[in-house]
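Look at the two complexes coming up: chain A is in both, with chain B in one and chain C in the other.
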Partner chain A sequence: MLASRWKYAGFSLVLLFLAAVPAVANNNYLTAVFVSVLLFFILAALFDFMLGYLNIFNFGIGGFMALGAYTSALLAYHYGISPWFGLLAGGCATLLLGLFAGIITLRLRGIYVGLTTLFLAEFVLFALSNLREYTRGAAGLQVSSLPDLFGISFSRSNPLALYYVLFVICVVIYVTLHCVVNSRIGLVFKAIRDDQLGASVLGFNVVRYKLLNFTIASFFIGVVGAFYGNYIGILVPTPQEFGVARTTEILTIAYVGGRGTLWGSLLGAFALIGLQEVFSVVDQWRLVLYGAFLVFVLMVFPRGLAGGCKQLAAWITRQVQPRR
Partner chain B sequence: MVDSVLRVDGIQKSFGGLRAVNDVSFSASRGELLGLIGPNGAGKTTIFNMVSGIYRTDSGQIFFDGTDITNRHPTRIARWGIARTFQVPRTFNNMTLEENIRVALLQVNIVDAEATRQACAVLDEVGLYAKRHQNASELSGGERQLLQFVRAAVTRPRLMMLDEPFAGSSPGAIDCMVERTVALSRSGVTCLVISHDIVSLPRVCERVVVLLDGAVLTQGKLEDVREDPKVIEAYLGE
Partner chain C sequence: MHFELLAHPAIVGQFIIDGLGRGVMYGLMGMGLALIFGIMGLINFAHGSFFMIATYIMYFVAVHLGVPFPIGIMFAALGLFLFGAAFERGLITPLRARLGRNWLVDGYVMTIGLQIVLENLALIVMGPREHGISRLIQGRMSVSGVILTNERILIFSVAIMVVATLAAFMRLTSLGRAIRATSEHPDAAMAMGIDVRRIYTITFALGSALIGGVGGLLLSTYPAFPTIGSDVLIKSFIVVIVGGLGNVWAAMIAGILLGLVESFAQGIASAGWQNSIIAAIVVMVLVFRPSGLFSKPISRP
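And now, the complex of A and B:
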């Protein structure tokens, strides 16, 4: 009971921090950094939801994002559909892609799932590049801003308002994922992650649970992708934007943060995005320092920064408890 | 045969050129404690894997409560009421002991506070209560055997298949599993036990099926089988 009170207190403090700092600072640069942190945090948490809770290696997360972003943008561009609705439409499109990917891949294991999702993502990117008449391909697709709501402008000239949209999206996704992993379904996810055959002979339909996990994650990746399109304003289906490089960044944050925790991704995102900004002052050495930091974290905390925090909390608890 | 809970009828299984199980037939009645014994490579675990749906049979049939369950999916077979353990314990190692039991209780629709209460009670009965918040990976091999045993038992199976449950276990853990297996049998659960433990086996099994090179060498009461010259030869050589 005490532990859960501490957890809720910690969660509330983090929420307060994330909600207050950009508003108090009222600085466009800082807001942009916080947007990057939240974007990478929630994508890494979704990646962790699949990998850390069910060992599903989705190496095509960038392509899934692209589908969400383009669905929303194309609906607005060609049919004048509100980008607010586009957020949900982007999610629905990737949900369908996730369902399809799940049906064809989830009987496979390990690297084969990763490769199949990667090929699907590449297929999406190739399709977006080559359907130039419809998507404008490499010329880039202009994305409409989110329309005003309740008298508040959500145009790209008001980054603070966009930050709060992302903040709400992140809270909704995080709370949903947290509820799922702490429910009966989450218990089965963990059992399947630990021993697929063991879960199977207990009577759990492994493929069905994997499909559920994958489609939930795919839907939210699409929503985040749709927001991302609105935030950057122009979409180009390049590998740098939506390919393996993007997946690797997300994967790195998930691992540095700590697999199987969800909240560890926030630590990972702050550490990696924050350090990129800090190291920018040392110019060409920044990538060397950045790499050294990644190696250091994974050597010292094999379970990521979240694992390090848990170790620290356990040590403090031992010090505080009276000795018998 | 009317009362047979499990009936294995001429099953065969080959791996490449090796015939691991060759025309094996036996049956077990309700509440019976049946042992499957034989030297290494006799095909005991392969038979377990075929009954629980992990391996497909090449030919032959397996009936459970009169229903043909041959080559059905392990999930389906588990839902029919067949639980099993493995020679190398398959516990959920990154989950606590309590979670290991709670996840199994989901199969009998016991959830939330009641699941926690029952998980604690079961762990207390087998002496693992103090470790309920530890991950299963922190247990010894014998404790993990015990954990997978109780995890299978809480699903209220009608057939319990135990693959070398006493291997690597402490005398206390063996006593505990023997008592609980006998109790399960008295409550009407059929138990199939593979064991090399010649001391513990008579405490559990009334009847045994002896396997050699994938085929049934003989079957009958344990004391009769022990005196059978073919069995002595199979175990000790000429």
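And now, the complex of A and C:
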């Protein structure tokens, strides 16, 4: 019981920290850093929800984001539909893509899922840049900002309000994922991850569980993507933004944070985004740093920062408890 | 759409020659990737970066030092052989030793890490400037209106030579047989006294040397540039998937097929869409024939 109480205390502290710091500092730069930390955290957590719990390698997460972002932006641009609704619509679009991708690929072995999602994402990106009359392609699509709600302005000139929108989205996604992972379904996920054949012999429909996992994750990726579109204000279907480069950033944060632990991604996001802000490195060195971190974690720190924290906590408990 | 172009035999001939020329290049690019996947089961995401390094080696050796092209290509292949061996020994072997059977996912994430580092280091060190040459050898000929450069003929002959040498190596030498045995059943190979660890290192180095030589050979088409690898990687993936993952010979046929599709699509349809069409074809192959177009249909992997 004690352990779970500590967990809730930690969770509340982190929530308080994330909620309070940008408001107290009231500094646009710091808010922007926190926005990108939260964005990468939640995307890495979603990536880890698929990879760390079911070994599903979604190498097209960038393209899924692009679909969510463009759906929301195009609905607002062509049909004047409110971006608030667009957040959900973006999620629904990627949910359909995820359902389609899941049905066609999840029967296959790991690497085939990775390659299929990669090429589906490439297809989405190529289609977005080729449909120039509709999406404006490489010229860039202007995204209207979120309209006012309850008298609060959510335009891009008020980043603090946008930060809290993202904060709420992240909390909702995280709590949902946490509940799924700690429910009976989550136990089945882990059983499938550790021994797929064994789980299917026990009568669990492996493909159906994978599809459930993949569809939930896809929906949320779309929501985050739609928010991202509103946040940056202009969408261009470049690989840096939504292609393999973005996917590898998310993957690195998930790995550095530690696989199979959703909260580890927050550590990973703070570590990598924090480092690059502290040293204010140029773009190329930033990516070299990401790659080097990834290799380093794989070689000497396979459980990531979260694993390190767990070991530290276990060590402290051992020291604090009197020896009998 | 310009279907009327298909009525002119000279234009169709040119499409076919262009398609073959490109296709052979794509096939050559895919072979190293297919070799490594076929034997080790590892997808090498750094494949394109290896190509990029090879183009820089070739440029340096051939242009700065001024040695003849064949020697430059050999240097590129040798350099990448050593680099591949070092990478496999230094980073992949410990990973495999620690994780046992489940090393593959971490293995390809490792190559992703390497790819990010190499590509961005190249951007910092070499700068975003192309270093290229206009052609390896001079001359062209014209057969009833269809233009054929000597360089294309050279690349074509090199491709045939590489395929033949690799086939002979795999079938006739004892090292080749050991490699094939390892790919079929590592445990049984080990029981037969084959040093599987060494075979994996040699295989990875050979695959790297293959892409290294290809990078040197194609310098005039693909000039040395830090991000040249991403295009090469995607093309190699396509070829390897359509041919069947791990099937080295089918990669060459798939390459030629891809080259022909591209050349006709670019000639007839409007530019840009051929990428979407090809991505859709790849997804369809992955879904309906995951073992590739040219392999015997087996149960789903």
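In this section, the second predicted complex is superposed on the first by the 304 of 324 C-alpha atoms of A that agree within 3 Å, B and C clash if a C-alpha of one lies under 4 Å from a C-alpha of the other, contacts with A are read in each partner's own complex, and residues count from 1 in each chain.
We take it that a contact is a pair of C-beta atoms (placed from the backbone, for glycine too) under 8 Å apart; a residue touches a chain by one contact, two chains touch by 3 or more.
Quick caveat: nothing in here was measured; it's all calculated off a predicted structure.
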First (chain B), second (chain C), both or neither touched by A:Thr105: second
More chain A residues in contact - chain B or chain C: C
Touching partner for A:Leu115 - first (chain B), second (chain C), both, neither: second
Common ground on chain A, meaning residues reached by chain C in one complex and by chain B in the other: none
Chain B partner contacts - residues on chain A that touch it in the complex: 184, 187-188, 190-191, 193-195, 197-206, 260
In the complex, chain C residues that touch chain A: 43, 91, 94-95, 98, 104-106, 108-110, 112-117, 119-121, 123-124, 230, 234, 237, 241, 245, 272-273, 275-276, 279-280, 282-283, 286-287, 290, 300-301
Interfacial residue positions of chain B with respect to chain A in the complex: 52, 54, 73-75, 77-79, 83-84, 86, 90-95, 99, 102-104, 106-107, 111, 148, 151-152, 155
Residues of chain A that touch chain C when the two form their complex: 55, 57, 104-105, 107-112, 114-116, 118-120, 122-123, 126-127, 129-130, 239, 244, 248, 251-252, 255, 284-285, 287-288, 290-295, 298-299, 302
